[in-house]
Structures are given as structure tokens and as C-alpha cells.
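For reference, chains read A, B, C, D and E in written order, and residue numbers begin at 1 within each chain.
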Amino acid sequence: MMLSVSIWAPIILGALAFFMRSRSGQVFIMILAAGLFATLACSILSHFDVSLSSHQLIERALWIKQYKIHYFLGIDGISLPLLMLNLFITLVVLLNTFFTIEKDIHVFQGLMLIMAGLVNACFVTLDIVLFYLFFEAMLVPMYLLIRRWGGKNRVYASYKFILYTLAGSLPMLVAILFMYSVISAGGALSANFDISTFKEAVAKNWFGFADQKWLMWCFFVAFAVKVPMFPLHTWLPDAHGEAPTGGSMVLAAITLKIGGYGLLRFVVPIFPAAFVYYQSTIIVLSLIAIVYVGLVALRQTDVKRLIAYSSVSHMGFVTLGIATHTAMGIQGAMAQMISHGFVSAGMFACIGALYHRLHTRQMEDFGGVATAMPKLAVLAILFAMANLALPGTSGFVGEFGVILAVLESGVGDGYALIAGLTLIIAASYTLLLCKKVFWGEIKNPILNHVKDLSFGECCVLLSLAIPVLVVGFYPASILKYSQSSVNFLLQGK
Amino acid sequence: MSDLLVVLPDALLFGSLCFLVLVAAFLNSRCILRWASIATVLGYLWSVTYQTHHISELIAIGDAHFKSLFVLDASSLGMKTFAGIVTLLVIIFLESIVFASAPEKAKEGVIIVLFGLLGASIMVGASHYLMSYLGLELLSLALVVLIAWGLETEQLEAAIKYFILSSLASGILLFGVSLIYGATGHLNFVSSALVRYPLYNMYTIGQILIVAGVAFKLGWVPFHFWISDVYASARWYTIVALSSLSKIGIIGFMMRLYDTGVFSSNVIASQFIIVLSILSILIGNILGVQQKSLRRILAYSSIANMGYIGLALVCRTGAPFYLAIYILNTLVMASILFSRFGHALDINLEDIKGFALKHPYQGALLTFTMFSFAGLPITPGFWAKWHVFKGFFAQYSPWFAIFIIIGTLVGTFYYVRIVKYLYEDVDAKDTEINSKITPAISSSFSYGMSLSIVVIALLWSTVAPDALLSWSERITGKGTATLEEAARLPVASPHAVFTTKAIPLKVPTLQKSLNNPLVNPMPPVQ
Amino acid sequence: MISLSISHFVFISTLVFLIGLVGFLFARKSLVVLLMCIELLLLACTTNFVVFAKKYADIDGHLAVFFILTVAAAESAIGLALILLFFRKTQSANISAAVSLKESV
Amino acid sequence: MLPTLVFSIFSIVLLMAALGVVFSRQAVHAALNLVLAFFSAACMWIMLDAEFLGLVLVLVYVGAVMVLFLFVLMMLDFAKPVEVEVNTPNYRFRVGIVIAAFMAEMGILLYSKMSSVSISSGDALTGMQWSVQQLALRLFNHYAYAFEVAGAILLFAMVAVIGLVKYSDQENSPKAPKRQNIADQVRVKKEDRLTLVKSS
Amino acid sequence: MNQSYLLIPILPVLGALISGFLGRFLGKVVSVTIALLLMLATLGLSVFWLNQVNAGVHINQDIYTWAVFGKAAFSVGFLIDPLSVMMNLIVCSISLMVHIYTIKYMEHDEGFFRFYAYISLFTGVMLSLVMANNFLQLFFGWEGVGLVSYLLIGFWYNRESAIYANMKAFIVNRVGDLGFLLGLGLLFKFCGTLHFDSIIQQIPMLASKQYMLPFIGNVHLISLIALLLFIGAMSKSAQIPLHAWLPDSMEGPTPISALIHAATMVTAGIFMVSRFSPIFEQSDAVLNFMLAIGSITAASMGLLAIIQKDIKRIIAYSTLSQLGYMTAALGASAYKIAVFHLLTHAFFKALLFLGAGAVILAKHHEQDIRRMGGLAKKMPVTYICMFLASLALSGIAPFSGFFSKEPIIEAVKLSTQPVASWAYILLMAGVALTPFYSFNLIFRVFHGEENEEIDSHHNHHAHDHHDSHDAAHHNHHPEPFFSIKLPFIILAVFSVINGFWLAPKIIYGDYFANTLTALPTHPAWVHITEEFHGVGQAIHHSLTALATWLAVGGIVLAFIYTKRFPKLAMDVPGEKKSIFMRWFSSGYGFDFIYKLLASFTMAIACFACQVDKWGIDGLINVLPRGVNAYGSRLRQWANGSISTYAYFIVLGVVLMLGYLVFFLR
């Protein structure tokens, strides 16, 4: 019941939000959402048993009889932190809309809430088709967000976003259908679209290894686009760069995580053998993402694009961690996903606050922001430090875990060295960003007149900054949820 | 008298038509004509329902008298219901237009549409090539007249184009029928399919020519050129009729060919249908991107969607389902565009700039429809594509997916482009262009009613496609049991694909089936 | 001298069909000529039916011819009406007059 | 021997006439060629024991439909020279290829495997009562339904043609009530109303 | 009191939070008082724990589990042993001095509270670093002090040079951190834990392992680990070639140069190597490497200090040189001595920096020694203290430097490592250089004529940031302030007494008996201990030592040099220098190499950028472009002509039949 509420309540609230033209109505929606999400989070957390490795809070009902598609929800340690992250980030973004969105706040909030519902759905569905539905449906509100509130180049960016993602996920659809046809022809299993059914079918060798390999790639590509992994990442800078602040925050903080989540939920458990077979390929791609995309970030002049490329680079650690196929690596990937959720959202919020005041995203138009807006600078530097994985911030946890996992898993210690280069590269581009934007003298005359963060904006940024530190100093508070599920995932039963 | 019950729907329809013709000739009352025609369709629907309930007795009677000309079964009755409902919508739509634009001289238009329904009704029930041909011609001619019904130069030109090309296609189809007759000596579907050793080449050519004729009517590439021009000039109700009534007739005909064993999943004709379908998906969408005119976009969307339906036909699953959802989408788009632009011929993308901002509800509906066309979840369009893919990839190689995916992506692009324009901010200089937006008939009751019916149907088929699906399955006869059925076929069964270690790159089903007929000239038919 | 067989007749009807097709393709004619080409196509089909009726000693082929002739007559009537209307609008009944609807510029 | 000769003559006439339909410059010539084609086809049908059909073709088709064609042709204004469609040589070439290919394919497909049933007059149909009566029985019993449908088509053709032409007439005939066409009035240019005549 | 050591890192952080976030509300007096009290409390606790340790207490306790990755648990925990309490004491005392000193020094800076927050934060982080009981926490502190260093170097963030320097410092440190992280990762891989004691227990296992390096072949695993860890130490402790950030870091306010870049943070590397002496002991190769790097750094950086004009840079190079000594000591397995030098150096170098700060303040933020002179009369306390500190630095007998530096040289001399003899020569050269540059500074700044041509125009371009506050600085002589003098005096006293007071306990005594040990195969230190016969004896012995005479010679030489060339030439912008001089004055061209590397990286990045834009994105854009181009060509066919359309219909049929012919024939 709770999981259904977590899907549908935001969507209904979002539909309601479309009618709130007045500011008070929007605030009302915001408060309602806050209350709802807090209640949801509390009740889910209180009913969640950390020690169990299987799915909990299960809801299951037949939805479409002909297709044997079930309305099948459940939550485990892998999805729970991400679900909580989504609830949290959505609230923050809702709050942030008041400070960054100039037109049609009510529509923006509505789309945001709908998006939250769909993302929640992605995290809790256990029926592959249901997942696919929500996975694709998510594109629509995001498309509209970019389309309506985006920057100058929003048209290109929004097309690219939707077509790229669709192109990635259609092969998955084909693979799902193919697998289902084999499963239903086999007859030994009760044919349905449960993940466990697919898993069992593969485990029972109903598919030849060659088949498993291409099926794995079909699934993999869908999520690799979302993550995004190296050769499929080029939509992200455009989408992030052009999206409105809230859109970028949600894109970076949440939707990218669905990629990682999908790998953990589908690719790794369903195709363990094929995944291990292509382990080194995936590792190499991840490393390219980490190093090469990091280098690309170094040359960006557009602040949001820089952060976007840095997101790609950081998400490389997620795929790297998953590719190690060890509990440590996957836990590291989880930590990295959570951390990146807060950090990238924070960085985008900072840049959003700047963009809202200066209406530019070019580095050369900034400089000396620390003088003009000290509060912003303090928080931005904190996020920057998290971005370059300074210990004590959340950014460190994941990268540390993943690098150690690479060494521990024995896939090749050289990989760890290359992954470690991020220490230098991430520091370079992040500090370059700080140097050009926050330090130095004020060059842009507008900066002399801008006001520092308002109380509300401070709340937005602080609410992202505090988790960054909490996770940085006590990651076990989050990792404890995923521990047993990750172990379960790797034991393959 | 009980004989008549067997042909009750058609007889009722034809009888009422004779009556309506007289009404139109002697009573110059549009009102009577309208309600009489609506009553006719309702009567038609009732009689179909009656037949559905008494199907077993009727079959017994029918066997004695009309055996070889047409069949009475779930499939034909279902398609007839489908055609009837669609006609009802078209009539409501047409009549609401008449109200709005008084100069339109479409009094007899209703009769034409009903003739079209008669044609479609005959086609979907026919089990005899001659009956099919007669139905097809009636349907085509009705469409020709409907296209011409605006009587402007553009419409006449389009009607002439459609008429001539459609006659060409009918000629090709008929030549094919004559060859099948020559190869088997029978004109009945079942009997001709049961001939053990027909003149195989001639038989195959006949099949191919029939496919070509059907391809023209459905607008499969490269037989699609007329669609764009016709859509660009015809009245909206014609467009709706073209994309609903005519497709129902043709698809009913094709389904019947499959059901009776003339075609089956592994004859060459099926391979051609697949190739043409995929070509349609690809080229229809690629050309759709090129269009600026919304009417032409709708045309190419129709072409591409017929491609998907082709796949559904071949794997014998869910073509009516796909068609129903396609018709719903088209209806929404057509009615919204009509309500805002009237009969304007050049509705360009620029003209709908900011449309959704001005009219949020219609804009949202149009957006939903576009995403549904594109097949994005959660829209009925997704279920439609899902269903087709599900059936198709259960039988054919996943390598076809490459083309289908590319086509689908390209299609998504131009549907999404429409959404883009819908939500675009209107600049000051664009207001002049937008002056073309004139609220025409959105207040009309019947229009509102039909639109809301359509919207309810859309939402319903999104959330619970179950009912529509089971209906579609019932109609399709063999339905989703394709896999089991295909398993019984000796060659090119899906298991041949599934059990191979790797999927070879060379499109296995296609090649195997191509070699197959020489070994096993006719597919076994029960 | 070879003896006549079915294939000869089919050969001729196929040729007629072909010539009908050619008529569609070389479009320098009046639209009415295209209607006549349609008649040629139908003539080829009917001839086929007659031939195969002979081959199978089956009367259905002859009946097919009846129906086809009916349809052809209806078709010609509608086609001629359309051409007439078109002529009234544009003062031309040539194929080259009916090219205003097109995509390419 | 004789049938072969007759067949050859009629088939050659038929083909020539068909070519004449396609390639004659005047539409009236085409129509007359078509009449000839129908006639020779009717003769061939008669060779195939379809006497009644042959007669129907000549009487109904040549007698009614072709007259209709000619009638319409007369109504159209052919005073203007026929515009010659610019069929580029490239296009002709492509069409030629397609037609040749079509012919070749038909030839290969039909004649490589077609069993040749020899037609010596009347042998195949001896077992049947081959008469108009037979035809009628079949038509009104077995094909009654189709017959009705054919009737529907004819009815439709009638309704459609009358409808189309009637409304068209209303608009164009001088007897129709006069209407004010504002668009035309606005579009009027000064040349339409005013003619300057220069006196030399 | 069992858990009271936890307060040692917490209290300064608390102070940082108070002055950082509440400073403006509390006012200067209150917040500074709080910060000082907290520091004092921390110092008190450190002393308390020193006593506890002396009484034999040894604490190794995990506080909480930081994270569990898979089966591996990482925790945050503290280790109280002689080394950590000693480091605590150094950090706390220097930090307290700097806290006091800063009250006046930063009085008029608008970033006053920020500065306090930073130094308090630094103290806290540094304390948690030295008290770590596992590598993870060490790494926490390691990077944390890097962060604070970054923030403090860029404290005046309006200065381009400052923000360039802080970025450079951070990135260069990151290079070392990469090595450190990898070393740590390898330890984790083979030991399965990051706890010091568990790792040290497993050293025999590690020592027995070989490790396959691509292109190189098998190496000893423990050598590799030690090398990687030492790379981390190199960047932190600014050893060649990762040293170049330290001179630039002088862009920060002077108090932090004293605290961070002289006394504490830069010695973290030395501390770390000492902490893991059991690992390093196992690898002769790395010991040799350390010896070589240390001695080269010591000599070459000493040489560079001579030609510096900037008072802070002279001291910075001196710091580099002294860090080289410490590293060399580590290489000679004389860990105790290295740590002891760390201790003595912390006090006298902090004093030197603070003194330099006072001078700078007095000269209105002038840092060029060529514009100084004759300050001795005006600032007698500063003068005396700095003089004493310089004596200590030079290793003159009774002062603390002697007791730490002399054993280093002895240890290197006695070391059995192959490179020890070369290192010895280099270190001896360093011994002569040290007094020369120290006293060069002293003489030029405090003696001679007072250089009154302190132009405000010079200040403008150098430190215009401070101009607005100069009005408040009309008092040229900050000496009267007690808060400036007090740290001087305290530090001076310790610079003098540390040597003979602590050396017997630390180097020759058994303070580090169980903490820092060398293998019997590296006996240098044992020999030194054997040769030691009390402080007096040592001082007496020093009179005959070569090093002492070299040092005295250096002082004399400096005296002569300053007398002979009282005025150093100002740099003329267009002046031609020889290549050698340019190479030399640019710090052996390391900056050039850094820049080369940076621009090389940027070039690669630029290439990557183009690849991304045109290669990958371009490849992906091929599909839409192709679709568009193909579509517009296809569109040409829809020309409205019936015959064209019919042509395609026939063509379609022909193609289908052709297919049939092909396959059905």
C-alpha cells in the first residue's frame, strides 16, 4: 500500500498542482508534498526490515490478463535509499522552483511531482513491463521541462534527450519480448514478466550463452544511456546544460540513478554469466568515462556543461563499481549514486542561483562571486569539495569504495590506478571552476549589485549540504540498508 | 425469411440506404437524413449483435445458402461492429461539421459514408474473392466520392488521383485474383487454399499481386504516394474515414485471407508483407520528418502505422487492437485540428505554435495523442506497439528490430516536434500567422460528445487495455496462440530461431520460408 | 502450326495488362485515356477469368466477368463525372493539370 | 488450325488496338481503339465458349460504356492542343526497364511451370450444360448475394455521380442564384475594370 | 577521562564552527576568547595525555564503524601512543601561538573570523590525522589538511596569484594522494583491513610477497606499497619533484605559513613514514630512494633559498631544505631523529615565520628584503627571537637545531645504504648553506640602514587588498602588542631549550622504544645512541664537529656578504640573465615542467573535447543527418504526377515479382 501511495500520491498531487496559479496555492502544494513525502519516508523506513535481503512491502495484482503483466511492487535495500533520495531531492527541487523559475511555477511543480511519482515507480516495480512503462513515461515530463523552461538551445537538447533515451531502451523492449516468448513457449515456468521469472529462466539455461550475451547488451544499453556510459553520454551535457535548474537537479540527482539502479536490478541478476563475461569491456568503458570525460570537462566554458561532464565522469564510478561484481564495488556504486544525487543537485542549485541572477552560464562572465555572494560561495565550495571527492564529504565514500573494490576484486590493479587519476582530474576541473567562478576579482559589473542567497535558497542548499556531510562522515547510515540485498544479489539466488 | 437473418446487417444497411436515397431525393431535410442515418448504423450494430448472439443457428442456415460467399464468425462480426462504431463516429463528426459550416453541401455525404460502411462490411465478411472485390470497389468508390466531396479543385484533383491509382491497384489485385483462379480453379478462399497441387508459380504471383493491391489501399511503401496528397486536400471527415473505415475493410480482408489459410505465416506473401511493412515504418517516418504541413504529417503517420499493422497481420495478432488505437489517435488529432482550423488546407507546424498555451486542455490532449502515436508509455499507443512487437518477435528474428527501432525513433522525432511547437512561446511577429486559429466548432454538442467519447476510450485503453485486447484476440481468431500454431508448422517455426545458439545475421526466417514453398508447396490447412 | 493452349490466351491477356500499365506510366494524355487504360486492365482480368473458366470447366469464371463488368461500368461513371467536374474547375482534363498537390517544390 | 489462325488474328488486333489506346494522340482515337480492343476480345471469348459473355461485352460495354466515354470526350473542350507531358528520356528509360522487367518476370514465372491445357474447341466443356440458363441459375442462386452487392455498387455510382454533379451545377450554372463573392471583389485589379486606350 | 582524547580533535573544530558561523554575532572579543580557550583546553588535554602515555597508557580504539563495504568494515578510531601525543603537543602548541599571534596580525582583515575558523579547523583536522589508528582516517586528515591549506593559501581570494597558488598546491598534493591511495588500496587488498596494528602484524606476510608489475616484472610487494605511500609523503612534505607548491603557498597570510607550511601540515609526510616505519624498514630500495630524495631536496632547496628576495620565500625554501633533512633521516632509518627534528623545526620555523610576519606588518606588507634594513632597533624582541631561531636552524651547539640536525648527519654517515655517502655530502653542503641564507636574512632585515624608501606605490600592485586597512596600521611597529610578543618569546624559549631538554628523552631515551623501530640491518641509529654520552658531552663534541664549523663558516660568510653587498640589485624587468641563472632562479625549472605537464594535459583535454564533439556526437548525429538528407531526396518523388505515383506502384510490383523470380525460379 505504501509503495502504491509513493507512486500515485505524487502524481495526483502533481495533477492538482496544475491548477494552482496563485503563489499561496503553490506553497500549499509544496507543504502538502513535504508532509506527504515525510510521512511516506517515515512509514516505509519503519516498516523496512534491514536484515532481510529479499523484497519487502510487496504488492501484487494481475493488471493485464492477456499479457500476464502484474502490478507488482516491492522494495529492497537497493531501491530503498534511491527512493528516499528521490523523495528528498524532489522536495528540495520543489522548494527551489520558487527561486529559479520565472514562469508557470504551478506547471513546473506539477511536472516535477509527476516525475517524482514515475521515478518512485521505477524504483519499486518488480514487473519488467511495468518498469519499462514508467522508465519511458519519465521521458515525457522531463522533455516538457526542458522544452518549456530550458535555455537557448533547448530544442536540440530536448530532442536529443528523448530520442537518445528511447533509442537505448527500445532494444531492451525487444529483448524483453524475445525472452518472454521463449519463457512462455517453455511452459515449465509460469510465464510472466516478474524479474525473478526471467532470472530463473536464464539460470536454468533456457537461453544459450550467445543469446544471453546479446540480450544482456540490449538491457545494458538501455541503462548505459541513462547512466550515461562512455560512448553514449553525449546527450547529457546538452540536456543538463539546457534544462532549467530544477530539471538539471532532478536529471542529475535522480534519473541518472535509474541507469545504475537498472543495472543492479536487471542486468546483474538476470545475466550474471554474460555480465561477468563482458566485465572487462564494461570496466574499460567506465574508465574511459572517468578519465576521458573528466578531461573533456576540463575544457568546458559553460558551467553547467562542465558539471554535466563531471557527472558522467562520476557515474563512471558507478558502472565501474558494478562491473567489479563484488559486494564492495556494488556498495561503493550505491554510495556513489546517493552521493552524486546530493552533490550534483547541490552544484546545479548553486549555478542555478547564479544563473537566476546573472542570466549567463559562461565561466568568463563570472569571477569574484565569493566577494559578492559569500554564503553561496561557502556552500558551493563545499559541493565542489564533495565533487572532487574530498574525504569527509559524500563524494569520497563511493570513489574510495570502488577503487578499493577494483583492487580487491582482482580484475586488474592497473584499473585502480586509472580510476584513481580522477583524484587529479576531478580536482583540476572542479578547482578550475571554483577559480574562475568563485575566486578572483569581480569582473562582471552586475555582480556588484546582486544580493546574496535569500533564506529560502539557503535552506535549499543547506538541505543538500547537510546530507553531503552526514554521508561523508557516516556512510554506514545509508550503506546498511543495501548490505544484505547486495550480498543476496551476488549470491545469485 | 430466416435466410435474410444470415445477411441481416448488410441487408438492413442496404435497405435503409435505398430508403435514405429516397429521403435525400425527395425530402430536403438534413435533420431527418442525419437521424435516419444514425438510426441505420445503430440498427446495423444491433443486427450484428443479434447475429453474435444467435451465431450457431445462423451458421447452420448460412451453410445451406451462402456458404461460399461469406462467413459468419466472431472475426467478421467483430470487424463489422468495429466498422459500425467507427462509422457512427465519422457521421457524428461529419454532421457536427455540417452544422458549423453551413455552406458545406454534404447532405448526401452521410449516404456516401454508409455506402462505405456497406463496402467494408462486405469485405470483412467475404470469403470469396469476388465478394471481396465487390466490397473493395464499393469502399474505394465511396472514398473517392468522399474525397471529392469538398468540390474544390484540390479535392477534385486528389479524388482523381486516388481514383485512378486505386483503380490501377484494384486492377492489379484483380489480375492476381484471376491468376489464383487460374492456379486453383476456385474463387472461394478456403477451396482455393485447399487445392493440393495448384500451379504454384501462378498461385504465388496471384498472392503477390493481391498483396500489392492491399499495399496500395493501406498505403505501404512504395504504394503510398497518394496518401500524402489526399490527406493534404481532403476534408477532415474524409481523412477520418480514410484512416478508419477503409483500413478496417482491408485489414478484415487480410485477416480473412490468413484465417482461411490462403496466406499463412510462412508463405512468401508474408515475407513480402513484412518487407513492405518495415519499409513503411522506415520510409513513412523518414518522410514524415520532412513535412511541415500537419495534414501531411498525419498522412505519413498513417503510412508508418500501417507498417506496424502489417507486422501485426503477419504474426496474426492484434491488428484490430492496433487499428482501434490508431483510429482513436487520428480521430483526436483530426477533430482538434478541425475545431481550430476548419477546412484550411495548409496547416503548418508554425500555425500551432503556442497552441497548448492558449488552449491547455486541447493542447494536453494533443500532446497525449502525439506521445501515443510515438508509442511512448503510458499511452494506448504503447500498448499497440507492444502488442505488435510481442507477437512479431515471438515468431520472427529479432534482427528485424534494428529497422523497426530506427523507424520508430525517427517517427518519435516528428511527433515530439509537434509537441515542441505546441508549447512554443509565441513571438509578436507570429501572431499574424496565428490569426488562422479560429475557434470553429468546439462548442458544438455532438462534436464535444464524440470527442469526449474518444478521449474516454483513449484513457480507458491506456489503463485497462484488457477488454480491447481480448476483443481483438477474439476477432483475430487464432489470436495470440500464434506461437503454438507456428510450432506445428514444419519449417520456419520460431523454435528454429530460438534453439540456435546465436542469432545468425542473415534473417533466418526469411530465407527458410523462401526455400520452403518448393519443398512443401502449400501450407497445411486444417 | 502449334495447337492452341491456355497459355496462349494467358499470354495475350498478360500483354494487354502490361499495355494498360504502360498507359499509366507514359502520362502525356488526357485523364480520360487513363480511364481507358483501367478498362484495358479489367479487360485483361476478365479475359483471364474466361480462359480459366474454360480450363477448369467452371462457370464461376464467367460469373466473375459479369461482376467485373458491372464494377467497371460504375467506375467509369464516377471517373467520368470527376473528370468532368475537374474540367469545369480547371478548363483542362489533362494529367499535367492535376499536379498541384505535391510535396517537392 | 483454324482456331489458331483466328486466335492469331484477333490477338494481334487486340494488342494493336490496346497499343493504340495508349499511344494515340487524340483521346477520341483512343476510345475508338478501345472499342476495337473490346470487340476483338469479345471474339476471343467466343472462341473460349463464352458466347454470351462476348455478346454482353459488345452490347453492354461497347454499346453503353464506350458511348458514355465518347460522350464525355465530346463535352470536354478539345479545341486546345493537347499539352505534351514532358517525359524526360531518363524517365522513359526507367519506365522501359520496369516494363521489360515486368514482362520478363511474368514470362519466366508463368511459362516455366505452367501446365499447358490444349484448347481444341469445346472439348473441355462437353460435360457441362453450357448455357445462359446455367449461368443464370448460378447467378441467381449461388451468387444472389453478390448480385445484390453489384446492385448496391450501381446504386452508389448513381447517387454519387448525381450528388457530385448536382452540387457542382448549382455553383456554376447561370441559373443558380447570384452570390456575392467578396474575395473576388477584393481581388479585382484595375486592369479588369479600366482599359486605357491611347489615341495616337 | 578515558574518552577525553576524543575532545582533542573535536574542540578545535568546535572553535572553528563557533568563529566561522557565529563569529559575526558574538563579536571579535568573545569569539577569539572562545577559540583561545578551546585551544588552551586542547593543549591541556594533550599534555594530560602525554602524561598518561608516559605512564604507560596505550589506547587503540575504534569509535564508530564508518562504513561496511561488502565484508570489509572501515571505522573511525584513535590511537594514543608516544608518537601521536607528541605530534598533538606540537600541533596544539604551535596552533595556540598562531591563534594568539593572529589576534593582532589579522585584526583589520575583513576575513578575520574566517581566518580563525580555518586555523581552528586545521588544528582539529591535523590532530585527527596524527591520532588516526587506521589508514582511512589518516587519509581523511591527510586530505582535510590539504583542503584547509587550499582555503588558506587562497585566503585573499581576490588575488590572482593566491588562487593560482592554492589550486597548484591542491593539485600537486593530489598527485601524491593518488600514490597514497593506491598504496593504501594495495595494503587493503592484501591485508583486508586498514588498521595499523593489523597491518603491522601482517608485515611478514607482505614482505614475502612478490607483485607483478606490467613492463617491469616482479617486484617486492612491500617495496611497491612503501614507494606508493612515500609518493604521498613526498607531495605533502614537499620533496623534489613535488615540492613546487610550497614556495607558492606563501601567498597565504603569514600565520598560516607558520602553522601549516612550516610546522605541522608539511611534516605530515614525515609523520606518516615514521608511523609506518615497520613497512619502510622492509624495503631497502625505498629507504635509499628516500635518502636520495631527502638529501637532494635539502641541498638544492637550501641553495635556492640564497637567491630569494622575498622574506617569506627564503623561509619557505629553508623549510623545504629542512624537510629534506627529515626525509634523509627517514631514509637512514633514523625515525626518532626525523621526528625529533620535526619537533625542533616546528618551533624555530614557526618563530621565524611569525617574526617575518611581524616584519612584514611593520613594513606595510612589504616582503622584499632589499627594501628592509635596520629593524633591529625598532623591533628588538623580534630581532632577538629571530636571531635565536636562526641559530637553532643553523644547528649551532646549544640550540635545539643542533640536537636534531647533527644526529641526522651522523645517522646518514653511519647508514649502510648505498646512497648514504652521496647523501652525506649533500647534507653537509646543506649544513653550510642553512646559516648562510638564514643570517643573510637576519642581517639584511635587522641590520644595516633602515631603508625608508617604502613607497606606497609598491604596495599597490603587490598587496592592494590591504591598502584599505593600512590607514589603521599607522603604527609601524607591531611590537608593543603583547599578543605578538608573547608567542615570540614562548617559541624562542622552546627553540633554545628543546634540544638539550628533550633530545636525551626522545632520541636517546626510550620514549619511542616501542613505537619507532628500525631493523637490526639498519643500525645507524643504534650506533648514534651508543655514541651519545649526555648533553654536555654532545655540546663539547660539537666544537670539533665538521658540521658546526661549516655552520659557523656560513654565518661568517653571510656577514661578509651582507657587508660587502649591502644593497642587492633590484630586478630590472628587461635584464638579460644567463640561461643557467634563469634555470637556477626559476627553481630549477620545476615550475616550467609543471606548466608543461599542465598544458600537455590541457592539450589532451582539448583533443578529447573535439573527439567528443565531432567524433562521438558527430557519429551519433550521422543518423538524424542521414535521415534528413535521405528524406529530402525521397521527397522529390512526391511530385504530384499521377504517372510518377503509378510508376512506383508498378515498380513495387516488379520488384516483388523480381524477388520471386530470383528465389522461385
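As a convention for this text, a contact is a pair of C-beta atoms (placed from the backbone, for glycine too) under 8 Å apart; a residue touches a chain by one contact, two chains touch by 3 or more.
Nothing here was measured: the structure is a model prediction, and the numbers come from that model.
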{"item": "Interchain contact steps from subunit A to subunit E (minimum; 1 if touching)", "value": "1"}
{"item": "Chain at maximum distance from subunit C, centres defined as averaged CA atoms", "value": "E"}
{"item": "Identity of the most central chain, Cα criterion", "value": "A"}
{"item": "Pair sharing more residue contacts (C-beta pairs) when C-D is set against C-E", "value": "C-D"}
{"item": "Chain at maximum distance from subunit D, centres defined as averaged CA atoms", "value": "E"}
{"item": "Mean-CA-position distance for subunit D and subunit A (Å)", "value": "68"}
{"item": "Centre distance in Å when subunit B and subunit C are each reduced to the mean of their C-alpha atoms", "value": "26"}
{"item": "Centre-of-Cα separation between subunit E and subunit B, whole angstrom", "value": "77"}
{"item": "Interface hub residues of subunit C, defined as touching at least two other chains", "value": "6, 10, 20-21, 24-27, 34-35, 51, 55, 60, 63, 67, 71, 74-75, 78, 82-83, 85, 95-96, 98, 100-103"}
{"item": "Of all residues in subunit E, the ones touching two or more other chains", "value": "624, 635, 637-638, 640, 642-643, 646-647, 650-651, 653, 657, 660, 664"}
{"item": "Multi-partner residues of subunit D (each touching 2 or more other chains)", "value": "85, 87, 95, 98-99, 102, 106, 109-110, 112, 114, 143, 146, 150, 153, 156-157, 160, 164, 168"}
{"item": "In contact (per the touch rule at the top): chain pairs", "value": "A-B, A-E, B-C, B-D, B-E, C-D, C-E, D-E"}
{"item": "Subunit D-touching residues of subunit E, taken from the complex the two chains share", "value": "643, 647, 650-651, 653-654, 657-658, 660-661, 664-665"}
{"item": "Of subunit E, residues touching subunit A in the complex", "value": "64-72, 136, 139-140, 142-144, 147, 150-151, 154, 157-158, 160, 163-164, 167, 170-171, 174-175, 177-178, 181-182, 185-186, 188-189, 214, 601-602, 604-606, 608-609, 611-612, 616-617, 620, 624"}
{"item": "Residues of subunit D defined as touching subunit B within the complex", "value": "106, 109-110, 112-115, 142-143, 145-146, 148-150, 152-153, 155-157, 159-160, 163-164, 167-168, 170-171"}
{"item": "Subunit C to subunit B touching residues, read off their complex", "value": "6, 10, 17, 20-21, 24, 31, 34-35, 38, 41-42, 44-45, 48-49, 51-52, 55-56, 58, 60-61, 63-64, 67-68, 71, 74-75, 78-79, 82-83, 85-86, 89-90, 98, 100-103"}
{"item": "Partner subunit B, residues of subunit E touching it in the complex", "value": "623-624, 627-628, 630-632, 634-635, 637-638, 640, 642, 644-646, 648-649, 651-653, 656-657, 659-660, 663-664"}
